[in-house]
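Across the two complexes that follow, chain A remains constant while its partner is chain B and subsequently chain C.
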Partner chain A sequence: MTPTRHGRHRFLAGAILPALALYAVFVLSPYAQAFYLSLTDWTGVSGQVNFVGLDNFTRLAHDPLFLAALRNNGVMLVVVPAVTIGLGLLLAVLVMFGGRRGSAIRGATSYQTAYFFPQLLSLPIIALLWQFVYHPNDGLLNGLLRGVGLDSLARTWLGDPHLALWAVMAVLIWSSVGFYMVLFAAAMGSIPTELIEAATLDGAGRLVTLWRIVLPLLRDTVQVAFVYLGVLALDGFAVVQVMTVGPGGPDNATEVIGLGLYRNAFTFSRFGYAAAMGVALFFLTLTLAVIAMRAGRKERVELA
Partner chain B sequence: MNLSSQLRRYPSRRTVLGAAVAGAALPILGGCVTGGGDETTEAASGAKTTDNPLGVPDKTPLEVVIFKGGYGDDYAINAEALYKQRHPGATVDHKGIQKVGEALQPRFVADTPPDVVDNTGAGRLDLATLVGAGKLTDLAELLDAPALDDPAKKVRDTLLPGVVDDGTFDGKVQALNFTYTVWGLWYSKPLFDKHGWTFPTTWDAMLALCEQIKKAGVAPWTYQGKYPEYLNDPLLAMAAKAGGPDLVKGVDNLEPGAWKQAPLVDAATAIAELAGKGYILSGSEALSHTEAQAAWSQSQVAIIPCGSWLEAEQKGVTPAGFDMVMAPTPALTSGDKLPQTALQAASSESFIVPAKAKNARGGLDFLRILFSTTAAKRFAELNSTMPSVAGALEGLTLSSGLGSVKTAVDAAGANTFTYRFRTWYAPLAKAVDDATGELATRRITPAQWSTRVQKAADAVAADSATKKYQR
Partner chain C sequence: MRRAHAFLVAWALVVTLPLLWAVVSSLKTDREILTSPWTLPATPHFDNWSRAWNQAQIGRYFGNSALVVGGALLLTMALGATTAYALARYPFRGNRLIYFVFVAGLLFPVFLALVPLFFVVKQLGLLGTYPGLILVYTAYALPFTIFFLHAFFRTLPTALAEAAFLDGCSHWGVFFRVMLPLARPGLVTVAIFNFLGLWNQYLLPLVLNPDPDRYVLAQGLAALSVSQGYRSDWSGLFAGLTIAMLPVLAAYVIFQRQIRSGLTAGAVR
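This part shows the complex of A and B:
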């Protein structure tokens, strides 16, 4: 090993090790401690901690609130990524290929900017705004419905257990669809024009080009989007906490795991139990990511 | 009710805080659980004299942590100045903060807490948990010490009814609450005068009045639907008056079948009646407290249930000449066990002296000063809120709302009551809130309401991991 190479190793180690140490202290060790705490009855105010084994997890399996949260997060996991990705793709296609002869429409950038705008607001602010939109008496949504004579469709959106979860999901989708539209549009922009031109020369129509050329090439991007949106759907805490009755209601219709975790830790002072919820959530998210990445691996488009 | 009142007054902060905290929760708690020390530090103490009945040590610093919320912390700074006068040479370290729990949790775990804490606000530490973990000083000695303004009286005897009880856990007084909150039904006196309405004292009269109000084109009732516990207050108050103190005790002690007693089912029926007859402003079930209270302040609605903080909370949005008045809930039956003037009353803004405080004696004496008539009067002046010290409002010019609260408290005398299950068993409180929300939208019947709540109470009673309290 030459002295210079040795020096470079030392330099690299010097640069990376502090970062790794920080990561270990502030990311890995809390996780490890959370795993440990989930096996205890820690109350959060006392140094005394009793080991209770898997008790917390047994309780979780019989906790109606946790089960309601699992169900709601499950629905969100199915609906939010699918609708967001669908809408994002649709909008991206319209912007990128909606112009004459399949080119980008005029002012594509300004559309992208407008759609991206919700991404600039923090989620609690978005939730607060939408709470006004859903206001049963003076809200924008009911006002609009009444304004066009559809009085019978006006609802107490957040006060009705059958609608509240959908109202919350609509906000999550609204807040993220712009970002994914921009992401997909960028991915579409990077598709080599020769490919599209070749397809056109072969006589492929717009729809065929889209279906056979563009979408398959976006697979990786969509996959990443799915994982991110899946994580978003497994959370939902901020929007539910700000907007819904209770929060988590009415009658637990919008209960999510994050909310249960927060409530158990900070209202009920059951930090051990809350840690168990966190561990459960950790494994759910991990499973989701693994499945999503595996599912995409099989059908990769060969460009060569 | 009692302590949770603080929680519902600040949902916006709670939500923002919540979003931030939940993400960081596990790392934070992971970091501090292992930090607890075992060393036992003996708190300093001095000689007990007439001037210094609690034996505060000379020249020992005092650390005070105050929740700086709706009441600010000027009143505490005022009391600290008095403390320094009484204990020359002592320095006072004052901290006015908002996230009491976040700041103090690690210090309780490490057994290095401050000397006196105003444990209030959305982020406060759960009192029952602190008590269960043995983290608090028994305040009996303070209560038996001579009052500052009138040494002939004990501190205990200068407090309003129920205050000592509110801080008592298993026979030991562990917290002392500084503000006195009463719950009732609120209306605008000029609005009622204009229509010739009088506030009813029986439920039948209430229903008759609601019919009149509705005819006049005003919605009779609304409630802060996003937090259904606001509607629990009139429900549980009417049940308590009909069933008397034994009913309240039975509920709090988790007695089997307590929630199935007739007065509770009748009170639930009364609330369901309001909804069934269309007397509740439509959409109320989805309104936040600010939205519902705004509708009431704009006279779209005649009556709203709330605690006595309402006037202060509505300060910025109440039109001139609105002159709000609080009335006790109507009597459910003619055979009610408590008079109609009886009030649901509880103290909040709870002050604690940690067991491991370095200057616990100083903490106790600080509370003796804070709970003196002089300091309490200053608080009332600053905040238009009733302190839990008797006579603190005497001689002050009171606003319409606060004046009506004082009148109601005087009329109730010793007939006050409060449920303790909210502080003792938070999960049960949530179950009651959920059920009442469903009741008010008529998605469940009063019978289903009582069955549901009873089931939740039984579950708490059967849960070996929950510490039980008796009263």
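This part shows the complex of A and C:
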């Protein structure tokens, strides 16, 4: 494209190489090393690295803490995306089509503004806030329940092994619903109005229009949302680490893979073993993305 | 229709109540928080804020965050913009490969890199230093920045750049005098996202920044909440939480349209 070739190479080198060097040192090389480290018994003492093959992964398969983490992340992987996407879609539909004759509701922008804010806060801050909300005696949640006469529903939310994981998932959902609601609302806003009008002319009711026209057109967006939320559900580290007893408790009820990795590496100096957990997490994430993309490819809706 | 509003208002309460509760509690005495959780403070106790800022070191953490995020933001924008521009506007052998290598960084979980990254930073003598954090923050912010700006530079018209070349402008001259000013809206958007993302970092500082004097805000607050001395200081912790939320709230109030449309556009693309 450039009429001058003068200094082109020098320019390109100057523009790209600094970023590439930084990226190679702090991002590419750690990612690459992780795979090798996961096959060693490294404890952080240089010179004492033994190649142990797949030993770490065999140990992972029998590590009760890792299995608990896998189970909890699994539950989160099912619940968090499903509830977040469900609630997000419902709120988006109400905002975009809840008004007169299926138009946007009054105050649509204000609702979106309010809902979106938690997405911008960092998860440890959110976790700290919710630790107070869940506080058994003086917390907001039990206070509200007692205030409306539902004393019997008050619980030690984070101290009960049956409830703690749900309390954690509720926080993740609380913090992300707004973003996905805005995302879905934007996708709904880009659907041509003629399409909806045509359906209405053909006598389709609101629900039918929604189910047959709007939702199928949102398929790609929902798919992206599923991948993002899946990645969030496979993490959970910050919220669990800040909010739960132990952390990871009670009774490993909120143990997650990231927490086990952090603990093994930076508390117990089992760096090889921790790297193996990172590799396991990577393959879980990859599997999730591939499944989600495959599932989305099946029935494509053509908008032409 | 009324049911629609009822449901929307209910969710608005679910979202805002905990936040409002934290802000109101940050102005109360500990006694008031425990005995009358639903009332406004008799007199607003801004001394909670000054206690959190000074004694609980929130001020120091705030300064650390500002320094690290500010430095990383400048470096990210400088390196990200030049790289994205060069990759978007100059076809050369290996161009696609370099682009994909950068963008691949968006796909990998940071946990995978965590253990080796700790040792890379340690070996460079950068553990627990401001430059170390700035460089690492920048490296991890580059994929998104390049992905976003690459798409943006591609949409800019070529005619202006060509005219500038004919006028004898150098490659850097065209970049600084023509392309950067044209790309301003994109640069602003990506800078806002990077600010929010970097300000909210937790995992990286937790691992790479062990010196309590250099804690960033989220890290410092999380540490405070478990330290014996501050565990019962609810009003102080609420004040710290509120102080930590303020910059993000300010950014949101000022740039909310860019934030909402930009974030969703990035996700749909």
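Keep this in mind: the second predicted complex is superposed on the first by the 275 of 304 C-alpha atoms of A that agree within 3 Å, B and C clash if a C-alpha of one lies under 4 Å from a C-alpha of the other, contacts with A are read in each partner's own complex, and residues count from 1 in each chain.
Note that contacts are C-beta pairs under 8 Å (C-beta built on N, C-alpha and C of every residue); 3 or more make two chains touch, one makes a residue touch a chain.
Since we're looking at a predicted model, the values are computed, not measured.
The larger set of touched chain A residues comes from C, when the choice is between chain B and chain C.
When the shared chain is aligned, chain C comes close enough to touch A:L22, but chain B does not. In the superposition on chain A, contact is made by A:L120 with chain C only, not with chain B. Shared-chain residue A:T267: touches chain B; no touch with chain C.
Of the two partner chains, neither chain B nor chain C is touched by A:L207.
Residue contacts after overlaying the shared chain place A:G278 against chain B and chain C alike. Of the two partner chains, neither chain B nor chain C is touched by A:A61. Touch criterion met: A:A34 reaches chain B and chain C at once. In the superposition on chain A, A:V148 makes contact with neither chain B nor chain C. Residues 26-27, 29-31, 33-34, 37, 44, 123-124, 127-128, 131, 237-238, 241-242, 258, 261-262, 265-266, 271, 274-275, 278 of chain A contact both chain B in one complex and chain C in the other.
Those residues of chain B that touch chain A in the shared complex are 12, 15-16, 18-19, 21-22, 25-31, 33-38, 101, 105, 108-111, 123, 125-126, 128-130, 132-135, 225-228, 281-283, 285-288, 291, 295, 426-427, 430, 433-434, 437-438, 441, 443, 465.
The part of chain A that touches chain C in the complex is made up of residues 1-4, 6-8, 11-12, 14-16, 18-20, 22-23, 25-31, 33-34, 37, 44, 87, 90-91, 94-95, 98-100, 105, 111-118, 120-125, 127-133, 138, 140, 143, 147, 174, 177-179, 182-183, 186-187, 220-221, 224-225, 228, 231, 234-235, 237-238, 241-242, 257-258, 261-262, 265-266, 271, 274-275, 277-279, 281-282, 285, 289.
Chain contact summary for the complex, chain C toward chain A: residues 1, 4-5, 7-8, 11-12, 14-19, 21-22, 25, 33-34, 37-38, 79-80, 82-83, 85-87, 89-92, 98, 101-102, 105, 107-109, 111-121, 124, 135-136, 138-140, 142-143, 146, 158, 161-162, 165-166, 170-172, 175, 196, 199-203, 206-207, 218-219, 221-222, 225, 234, 237-238, 241, 244-245, 248-249, 251-252, 256, 259-261, 263-265, 267-268.
Interface residues of chain A facing chain B in the complex, by the touch rule stated above, are 26-27, 29-34, 37, 41-49, 123-124, 127-128, 131, 134-137, 156-159, 161, 237-238, 241-242, 244-247, 249-252, 258, 261-263, 265-271, 274-275, 278.
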